[in-house]
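Two complexes are shown next, each including chain A; its partner changes from chain B in the first to chain C in the second.
The block that comes next holds the complex of A and B.
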């Protein structure tokens, strides 16, 4: 188990290296000149050339990448063009808000995904199964950026039940309850479609499990249907469920980006969006890299957890 | 050869029959066809042009006489914009899926045939896999700059790792079969083996995958336009319309709500279609997600 875990962890190293190259190249191969972008179109050609030399933009791409990677390994992601502060400071400042949102959304996805799957799959071909299946189809199809606006309008503006902007969590006086209240709408928006996808797929695992001989045996022993679904079938569904829930991490990141923007949530996604609008490339680079690294690590954890839960895959 | 072709033809017919028997899949296809017809006939169906404005009725609610779905912040008819918007929304959602499959098929075939080149191609795909879909699309569009062509290009790149992996898996399975060995023994040129013999056996996997991923690409495409990275205003596109409506959601919620409803309905149709295609091909894999090939 340990050696397998170590091997999986090492396998992420070339991927992370490739990821940093893609992030680097995407913005360096982009049409348009970074030095020109920084100085503006009024600058003279000499000044642009001087800045290009100063930033090292006139050297071969691979050498630039090597320097950039070396600095990156030392925690230096460059400076923001628009704010003038180190990019690493910006990311460290914002990433906890994103991790909080992601954590809450993932918890919602896993808990409700499993709950709805058990409700539907444990009672295949009943009215309850039908109702849950149809609701999950609709939920899976809701665009997050639209759902966010609808929730914001209904719960924030009409019912005035919940705060509509996440900026409040940055205040010194914010209590845990305040943060939780601010978290509800963005987390629901982020989790909705992933939750439904998890529920749809896991439901089919439950249907398969309920047809197995051990379920028949459990029924013969007189165990209650609830116990059969929540204990007997659950035990066999869990490893596949963890894999499916883990695969949703990527979608959650995408949805989280939209909810951060819609709800003004002060995380990496909102920062990335603002940096794109301002063409602040070092910040774009840093944010994309931070999200991709968290994503790779999240996938690794889900992978290892699925192996740990499934005795057949250990070894 | 002709017997094989007939068998293949009847397999496709069988697939189509199984697909049409599935009520939900047919419903999905029907809604999708309806959206397509709406898009094509928008100039005839829509009471107004997409940019035609009646400034005096700005933000008027639905059921305003002559404007059943109300007007937006510039006084444009929301119904007309939704009907016209179907064109770009469908185009930006469908075209990358088709183009993505067309690009991935040769890449996947070559990767499966030449193992060394294949290792390099698949490593590149693994790297692209390490980005969440929406994030990669945002990275590419912000690098290339906003606009519809760049939006399409970015979505093709986003789909590449998924598509190539599906084709690669299918092609590698075919490569091990006796008929391929026989072709090699006969000295058939590799080019012909790959693109004449293997292609028809690999294409269904790519098509099924395309159908299952359609819904999320439609959402991602509209999402990028919503962020201002795709289709640009004042073009009528549902993501753009939702973004415009977001700014006036206090005053006139219908401006964002209605194009969003249309988009949701389209995505439901895509998901029904995807489920149907998958079930028709293999009733056993009721809802497994073939997104990331299992290691």
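The block that comes next holds the complex of A and C.
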């Protein structure tokens, strides 16, 4: 198991390298240039060329990428053009807010995805099953930027139950409760469609499992339906469920980008959005790398967990 | 065994219920007013601030904070009412003398002013800042400042310390707008930083530790979240001593979130609500303050596209666009039509000037006369907009429809603002007739960047390849004009030629809109991209 974990971990290195290079290349091939951005549009072409040479922007792309990578290995992600502060400071500052949002959304996705799947799949072709299925279809169809604004309107403005934006201003006095209150709506918005997808797919695993002979045997032994679903069928559904839930990490990142903007949640997504608008390439590069790392690690954990849960896959 | 399991399930159920109850309680707890005290003003702006070094500052939003932290020799009085351009007033210079040939400015500096770190303001501090902005050999030279402040220091010959409170600046040639440019803000601004702070924190460190002489001091900043300014108790001008203890500037790009934050009281004031929300906000008791700003949205026309090489085609396009309808129905009263290239608030702006009448029939006839009775196909390259722009895509659709009515079939392609400015810097691409950005200032330096042939891409923003040699001549003459009247008269000549050549189609001047809760008082809307918050207080 340990050697498998190590092998999988090493396999993530080329993935991260590939992602970094694609982003690096895309940013450098896009129109515009850092030297011009730094010097301003009033600068003469001569000065721009001089700064390009000073920054090494006139060298081949691969060499520039090598330099960036070498600096990265020393923990240096460069300096933000628009903010004038080190990129690593910004990322370290923002990553916690993002991880908090991701963690909460993922927990909602996994817990409620599994719960709804068991409710529906454990009672195939009943009213309950149909109700859950239809609800999940609706949930899966709600785009996060729309859902977020509707939730804000209802819970933030009409009912005044929850705050509109941010993580909890006034950091010193922020309690866990404050942060939780700020977290509810963004987490629900981020999780909504992934939760529905997980519930629908896992439901079908439950339906399959419920048709298996061991379920029939369990029924013959007089076990309650609840126990059959939550213990007997669950044991066989879990590995597939973990894989499906793990795959959602990527989608959650996509949704989180929208929720971070709508709820002004100060995470990596909001920073990335503002950095793109301001053409702040070092920050864009750093944010994408941070997202890729979290994505890859999340999937790695899901993979290993699925293998741990399913003896057949330990090869 | 089964009992044991059952117990576990029951326990699990109970803790789930307990969890749900806690969550419900958390939800029902009264929402704390983010900034309940009445000496703190929380403002929701369109984007987080960029770097806080004034010599290389970039966005108009950032200057909303910088103007309260840093000051220069002269300032625009943003608290003046009933003006189209804020009047110039002394700031860190108490008075000045200008030589007869208008090239030597001798500033008498204000005495007894200290920077927020206690460092005294004097001629040495002025020299330190001039060195930082313009002298490449200076230890603390800021390389970015050279390009960004070209429009201020372009005519600089030399500067010297005369005595502790006298500082002299000599120009190579007269510049009729020199004082105005010294006062201005936005991208690159010649404001004074504490030399001690630059020495202590280094050139880059100023972004995180800005130290000036202004009415507010830098408090703290959480990048991407908020910047807090704190009242400067030792401010030199009692008339502008802040009524508030703290200002919190929160960058919130999503307009709906800004509006909801204002409605719930998380924010006291927001800039640029959506035009479609104004009626709703007003009905909820929100105070709206509207007024024009020194900005214009002109359309650059591409002289390299074959049909547009004929002035009749360009004129037909200008006459086809219903600017009044656009400001009334699309912008819902948050804009006024712009006529002529001189922007509202800038020198020479004339409220009575008119350029092209809206007349689609005549435009169609003109197009036929030019050999395009069936119109032609082209493309509008458009921007999603930056900080203060609202739904610019809708403008493109309005123009597309208007052009369609005279037979010009245009498609629209939209780009993010950064890419768009780079495209503009490279010149309008083949196949596209038009580009549009918001521009304009209280000085006319921006015309130097869009009109003369010296500004043809990639050296400036004469992005439609408008080649009229008279422009450079007239602009130079306007800069060197000995009196304001002569400068204005030359600017009017420039405006009339640009109209005659139909090099640009001016579209509208936006009204900037601030929305605030009813207890926010004392706000003065300046005809500028930013406002002075020293007069604001909460009831």
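Everything below uses one rule, namely that the second predicted complex is superposed on the first by the 312 of 315 C-alpha atoms of A that agree within 3 Å, B and C clash if a C-alpha of one lies under 4 Å from a C-alpha of the other, contacts with A are read in each partner's own complex, and residues count from 1 in each chain.
Following the convention adopted for this analysis, contacts are C-beta pairs under 8 Å (C-beta built on N, C-alpha and C of every residue); 3 or more make two chains touch, one makes a residue touch a chain.
Everything numeric here is computed off the predicted structure, so don't read it as measured data.
Superimposing the complexes on chain A yields a three-chain arrangement in which chain B and chain C clash.
Shared-chain residue A:45: touches chain C; no touch with chain B. Within the superposed three-chain model, A:264 lies in touch with chain C and out of touch with chain B [touch as defined at top]. In the superposition on chain A, contact is made by A:284 with chain B only, not with chain C.
With both structures placed on the common chain, the touch criterion links A:276 to chain B and to chain C. Residue contacts after overlaying the shared chain place A:149 against chain B and chain C alike.
Of the two partner chains placed by the overlay, neither chain B nor chain C lies in contact with A:218.
When both complexes are overlaid on chain A, the residue A:90 reaches chain C alone and has no touch with chain B. Once the two complexes are laid over each other on the shared chain, residue contacts for A:302 go to neither chain B nor chain C. When the two complexes are overlaid on their common chain A, residue A:118 makes contact with neither chain B nor chain C. Annotation: chain B segment clashing with chain C after superposition, chosen from 27-35, 153-161, 243-251 or 261-269, is 243-251. Looking at chain A, you'll find residues 30-32, 149, 152-153, 157, 261-262, 273, 276-277 touch chain B in one structure and chain C in the other. For chain C in complex with chain A, the touching residues are 5, 9, 23, 26-29, 31-32, 34-35, 47-48, 50-53, 56, 58-59, 143-144, 146-151, 187-188, 204, 206-208, 222-226, 248, 250-254, 256-257, 260-261, 263-264, 266, 386, 416-419, 421-423, 425-426, 449, 458-461. Residue ranges of chain A in contact with chain B, taken from their complex: 14-16, 18-19, 21-23, 26-27, 29-32, 137-138, 140-146, 149-150, 152-153, 157, 193, 197, 200-201, 203-204, 207, 244, 247, 249-255, 257-258, 261-262, 272-273, 276-277, 284, 288, 291-292, 295-296, 299. For chain B in complex with chain A, the residues that touch the partner chain are 123-124, 126-135, 138-140, 142-145, 215-216, 219-220, 222-223, 226-229, 239, 242, 245-246, 249-250, 253, 256-257, 260, 263-264, 267-268, 270-272, 286-289, 291-292. Of all residues in chain A, only 30-32, 36, 38-45, 47-48, 51, 79-80, 82-85, 89-90, 93-94, 149, 152-153, 156-157, 160-167, 169-171, 177-178, 180-181, 184, 226-227, 230-231, 261-264, 266, 270-271, 273-274, 276-279 touch chain C in the complex they form.
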